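Each chain gets a letter, A, B, C, D and E, in the order it is written, and its residues are counted from 1.
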Amino acid sequence: MKIGRVAGTVVSTISHPTFDARRLLLCDILSPGGEPTGDYTIAADAIDAGVGDTVLILDEGSSARQIIGESVAPIRAMVVGVIDEIDLA
Amino acid sequence: MKIGRVAGTVVSTISHPTFDARRLLLCDILSPGGEPTGDYTIAADAIDAGVGDTVLILDEGSSARQIIGESVAPIRAMVVGVIDEIDLA
Amino acid sequence: MKIGRVAGTVVSTISHPTFDARRLLLCDILSPGGEPTGDYTIAADAIDAGVGDTVLILDEGSSARQIIGESVAPIRAMVVGVIDEIDLA
Amino acid sequence: MKIGRVAGTVVSTISHPTFDARRLLLCDILSPGGEPTGDYTIAADAIDAGVGDTVLILDEGSSARQIIGESVAPIRAMVVGVIDEIDLA
Amino acid sequence: MKIGRVAGTVVSTISHPTFDARRLLLCDILSPGGEPTGDYTIAADAIDAGVGDTVLILDEGSSARQIIGESVAPIRAMVVGVIDEIDLA
């Protein structure tokens, strides 16, 4: 998984019911230190994340489908959690 | 998913019925700000997109097969939606 | 999928019947404009492509297995078509 | 697989029982010579690794699920072993 | 697939029987011309390759499992053949 920061939402019409009530989040990929890497992804939202949130992004379709509990869903990248803390011990 | 811009179409003979009536779109991968990243992909068209359209590109075979409703189809990257708006709140 | 140019063949003994009668093609990955990107892949040949041909390279195992009609085959990257034309409208 | 060094732990609430008792490890990806590459991943912990450990990171969901013996688990990257020695003969 | 050169072996304890009698090979990824690219992978050995061998590396779990004939094995990258010749016609 990668660390992301929610930069905004993407509005698009995708003809599949999985997307009917699910937001697409434009997320900048961050470094461990919290700096933008220049990379990004558009991920489906599993947690009602807000713009500016630092989040965990999981980039595997099978895992994404398990998180939302749907065996059939055309999703690969998903925002699966808000990051509460990164503990560099 | 990534943001793409349809740059053209690719004409090729692929011996699989999935491709008989489906266009292959050459798409430049864009940054969140809409600039070309230098990367590209050739994606199957699920939405009858046109050259110049800003689109959503989904790059997973299982998801692509679900979008078109075929359990068997040799596709990985697919254009799944036209992007109507990117809302950077 | 990516655009490739067949640069040569790779001779190797792989102990799996899928490879008994199937050539492995060393392909340079090209940009949309036809320039080498510096990246390459070694792909199984599904179409009897020749050196110098501009081809479509599909990089997903499930898709590769569907193209050759074998449900069991240890292949990920495959040359699936000769590119006849790239139409940048 | 890649060589990683555990840099810390990530605290996040992911609503799936797989993560209830499983730590998420922030791992820097190392070169064969043990230098940071600048890349990183957040991987689930299968071995109770500690900060500073040099570890093996396996980045495939199906494999991760087999390592922990759960057929259903939304995991892709996993720390699967501590590296005892790299023998450059 | 990519061209690799076996640089050494990695010693690690992975708690899964697949790895009990299988070496892990540290492989530098080579360019088509045989130069190191700077990238590497740690791959399971399917062919008893030796240090210095130029090999084919297949990076897909499903394929790796087919090569070794085990439907359950937590492996993604595998050394599947020694390269005897690269024929740039």
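Here, a contact is a pair of C-beta atoms (placed from the backbone, for glycine too) under 8 Å apart; a residue touches a chain by one contact, two chains touch by 3 or more.
From a predicted model like this one, the values you see are computed outputs, not experimental measurements.
K.L.:
Which chains sit in contact with both members of the pair chain A and chain E?
P.N.:
Of all the chains present, those in contact with both chain A and chain E are D.
K.L.:
With over half of the numbers shared counting as same, classify the chain B/chain C interface as same or different.
P.N.:
Answer different: the two copies use largely distinct residue numbers here.
K.L.:
Suppose a student superposes the Cα atoms of chain B on chain D; what rotation angle should they report, nearest 5 degrees?
P.N.:
145
K.L.:
Per the centroid of Cα atoms for each chain, what is the distance between chain A and chain D, given in Å?
P.N.:
Centres of chain A and chain D (C-alpha means) sit 20 Å apart.
K.L.:
Taking the mean of the CA coordinates per chain, how far is chain A from chain C in Å?
P.N.:
32
K.L.:
Scan chain A for residues touching two or more other chains and write them down.
P.N.:
62
K.L.:
Just say which it is for the chain contacts: an open line, a closed ring, a star, complete, or other.
P.N.:
ring
K.L.:
Could you give me the chain order round the ring, chain A to chain B and onward?
P.N.:
Order round the ring from chain A, first step to chain B: A, B, C, E, D.
K.L.:
In the complex formed with chain A, which residues of chain D make contact?
P.N.:
For chain D paired with chain A, touching residues are 7-16, 24, 26, 28, 40-43, 51, 61-62, 72-77.
K.L.:
How about chain E: which of its residues touch chain C in the complex?
P.N.:
Against chain C, chain E makes touches at 1-3, 31-32, 46-47, 56, 58-60, 62-64, 66-67, 80-89.
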